[in-house]
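Okay, so chain A shows up in both of these, paired with chain B first and chain C after.
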Partner chain A sequence: MTIATHDAYLAALRAGDRHAAYRALDAALDDGRELGQVYLDVVQPAMREIGRLWQEDELTVAEEHLATAITESAMSRMFERVFVWRDLRTPRLLAACAEEERHQMGLRMLCDLLELAGWETTYLGASVPIESLVDLVRKHQPAAVAISATIAPHVPRVRDAIRAIRSAPLPSQPVIAVGGRVFLNDPPLAERVGADFTAADAAEAVRLFEKRVRRDPRAA
Partner chain B sequence: MTVALSPTLAVDLAAWPGVVLHIDAAGKVSASNGQLEARLGAPVIGRPVLDLLDADSSAAKWRRIVGGATRPAWELIFGTGEALLETGAYSAIPASEGDGFWLVEHPTPRRLTALAGEVTTINTELAATQRRLVVEQGRLAHALRELERSNAALDEFAHAVSHDLKAPLRGIRQRVDALLDPAASEPDRRAADLTRTRELAERMRQMIDAALAYARAGRVSDRIEAIDIGALLRDVVDYLAPPAEVTVDLAPDLPTIETERVPFEQVFRNLLSNAITYRRETAARIAVTAADAGARWELVVADNGPGIPESQQQQVWRLFHTSRPGDGTGLGLALVKRIVESHGGEIELRSTAGSGAAFHVYWPKHPARATGGSLER
Partner chain C sequence: MTPEPTPSSDAAALLMRDRDALAYEVTAALYAESPTLMEKHGERGREKCLQDMRYNIDHLIPAVDLADGAMFARYVEWLDGLLRARHVATRDVVRCLELLRDRCTARYPSAESGAIGDIIDAGLGVVRA
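Let's turn to the complex of A and B:
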């Protein structure tokens, strides 16, 4: 069922057909799939495939951008459908792409899944300058920060951002996680840039944040 | 960088608004119009082109070009270890006499590139705004439910006060009428009527105090502390001093909870006190246990007393309800329910007449935001 959804979604993205894309994901939710499952088993692999098709010259950059835009709006629709308000919305997470970094899908997924787990998240978007990030960390004092980078040239900026947060005068230091393809390919890199951890996907990141920030042993 | 197009015609490609490179048969950059150097901030002449192309996205494409694949345009990303350029569309034109390739970038209008960037930013902001709206909508729906609950509680409270205070008032009225009746003037009877009137007035006072306590019970403060439930309940049992024949079993694994001490203690003092009062005559046992219920702890006060008949199980939560008329103010369980709910919890009664009662309290592990449940305004 998930494979069929994935294929239908990918076909809709390739065709640039927003409504077909919505229908594919709606059907998955109608079937009782959880948001995290749809994100990780359908949306993420489909977007990776879109990236691969671009590399193979099967798609143009414009078509890839369209697929990204459709996916962003499809994710918003799904989130709206499954979100349930909880009275208690803590802890807080601040999420940002490294300076220059444009790939935001992974962080968007992480924020949505944490929101569903009762967190309050602030998503700062693509290419966040280090100074703005540190200012916001000082202002909001989040319990956790997530930074993403997909390619090696952006890694030094992730490292600098973490250093800047670590040396900021804060009442308590947030737990900092990094993610993105470059960390997926080389997990020990996370520690070398000064992060507390990295995760293979958004669902694992949620589990690790729950464990480290809430110190909830069941989330291990 | 001037390229001869014929013996008499040449073109200076430095003026071309895009990258122009010549890659020789060995795959090295042998000529450039200077654009790539300017964008990368590094020299490129003499370097293998594969070192300058992003390995993930573009290296395989170059290999296909060398392998003879043809396309009107190839989308390539140039970069070094420190910087990556935006994607560009390139024509790969075989150089004459098998001497490698010319890579010529198709210039894109700057305006269009800037607009594409703007659209992406707007899209992202839209997605973020949509999330905020969804969350706010949830907050409002929740606030509405809370308000409805609070209104219902207010109605119930007003009803209980007006209805239940009328009973003693009616009693007082009857006694006073009797006292005013000149026919009924036996001194013994008058003394009895006066005593009863006084008792009823006292009962009304107690009920008003109880009503006030009930109204205040919805208040949630922010004095949160970590409470060792086991230690707290040992103190409560000590204070209640149950008769020797009553066994109170506190489970050894009662957790620590983050909450307000006074209302939490009030709930369990009431439940334990009820269990002691309504116990069976011999071998009375009361047990308190805890189970993990996700975001809440499920705390159970179970007894082996007479139990509560099903017909009465809805009534027990009502303000001024008592199972034995004249026994207490009937505040206990109404107060307990109100405290539990205003702290984001729930309480359930499970009982079969004749075989004990168990009160299941679901109390949040971490404090909920104050919901403003006080009936006092």
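Let's turn to the complex of A and C:
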């Protein structure tokens, strides 16, 4: 089922057909798939394939951006469908891409999945300047911060952002995680930039945040 | 809180400062030594080469800063795949990196150029058959 959904979704992205993309994902949810499963087993591998096809010169930049735009709107639709209102949402996570970084989808997945786990997330998206990130951390005082980077040139920015948060006057320091392709390729890099952890995907990141921030033994 | 400067971090700072000049020099040297490149890719190809050289240096900088050859090697592997799909030969990628290393050796003191050379060599290891 998931493979068929993946193939249908990828075909829709390659064709730039937004409605076909929606239909493929709607069918997966109708079939009882959880949002995390659809994100990690359908959407993410399909988008990786789109990236590979661009690298292989089989898709243009415009077509790749179209696939991204379709996926972001498809994620919003799915999230609205499964989201349940709760009066009390805690703890809070603040999520931002490193300055200059534009690949924001993984971070968006993390925020959506944490929301489903009852967290309050503040998603800032692409390229957040360090000073304004620290400013918002001071205002919101989140229990956790997630910073994302895809390519190596953005790694020093991640390191600088973490240093700036660590040296900011805060009542308590947030747990800081990093993610994105460059950390996926080299997980020990997370520690070298000063992060508390990195994760292989959004679902593992949710488990690790639950464990470290809520100290929930079930999430271990 | 700021860590002590090292040859690696000093070298990264030099690359950041000289990025555009180095990219221009390497592109000019590459096209000067292989006139067939101009026939094959044209002026637009040279523009793209210059852009790619800036991008190569952008990727070299954090790898030099962190003294992480594997980081640059992964980039070079990715770049080579990308360029081969666009009909750019691996030998041109190799030559670009060699020229960049030579320019850095000519410009910088030995500690810094050595730190840069180690990282470029790690990248060359992926594309040299």
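By definition in this document, the second predicted complex is superposed on the first by the 220 of 220 C-alpha atoms of A that agree within 3 Å, B and C clash if a C-alpha of one lies under 4 Å from a C-alpha of the other, contacts with A are read in each partner's own complex, and residues count from 1 in each chain.
Criterion: contacts are C-beta pairs under 8 Å (C-beta built on N, C-alpha and C of every residue); 3 or more make two chains touch, one makes a residue touch a chain.
Note that the structure is a prediction, hence the values are computed from the model and not measured.
Engineer: Following the superposition defined at the top, how do chain B and chain C come out on chain A, clash or fit?
Structural biologist: Partners clash after overlay.
Engineer: Quick one: chain B or chain C, who's touching more of chain A?
Structural biologist: Tallying touched residues of chain A, the top partner is B.
Engineer: Go through the superposed model and pick first if A:151 touches only chain B, second if only chain C, both, or neither.
Structural biologist: Both partners, chain B and chain C.
Engineer: Could you say whether A:69 touches chain B, chain C, both of them, or neither, answering first, second, both or neither?
Structural biologist: first
Engineer: By the touch definition at the top of the document, which applies to A:163: first (chain B), second (chain C), both, or neither?
Structural biologist: After superposing on A, A:163 lies in contact with chain C but is clear of chain B.
Engineer: Tell me which partner A:125 touches in the superposition: chain B (first), chain C (second), both or neither.
Structural biologist: first
Engineer: Looking at A:30, would you say it contacts chain B, chain C, both, or neither? Reply first, second, both or neither.
Structural biologist: In the superposition, A:30 contacts neither chain B nor chain C.
Engineer: Name the contact category of A:55: first (chain B only), second (chain C only), both, or neither.
Structural biologist: Both: A:55 reaches chain B and chain C.
Engineer: Can you tell which stretch of chain B collides with chain C among 6-14, 24-32, 150-158 or 276-284?
Structural biologist: The one stretch of chain B in steric conflict with chain C is 24-32.
Engineer: In the superposed view, which residues of chain A touch chain B and also chain C?
Structural biologist: Shared contact residues on chain A (touching chain B in one complex, chain C in the other): 55-57, 151-153.
Engineer: In the complex of these two chains, what residues of chain A are touching chain B?
Structural biologist: Contacts found on chain A: 54-57, 60-61, 65, 68-69, 72-73, 75-76, 79-80, 83-85, 87-88, 90, 102, 104, 108, 111-112, 115, 118, 123, 125-126, 151-153, 218.
Engineer: Sort out for me which residues of chain A touch chain C in the complex.
Structural biologist: Where chain A meets chain C, its residues are 55-58, 151-153, 155-156, 163, 167, 182, 185-186, 189, 192.
Engineer: Going by the contact rule at the top, pick out the chain B residues touching chain A in the complex.
Structural biologist: 54, 56-58, 60-61, 64, 71, 74-75, 79-84, 87, 116, 119-121, 123-128, 130-131, 134-135, 137-139, 141-142, 292, 295, 344, 364, 366-369, 371
Engineer: Would you pull the chain C residues touching chain A in the complex into a rising list?
Structural biologist: My answer: residues 1, 58-59, 61-63, 65-66, 68, 70-72, 74-75, 78, 81-82, 85-86.
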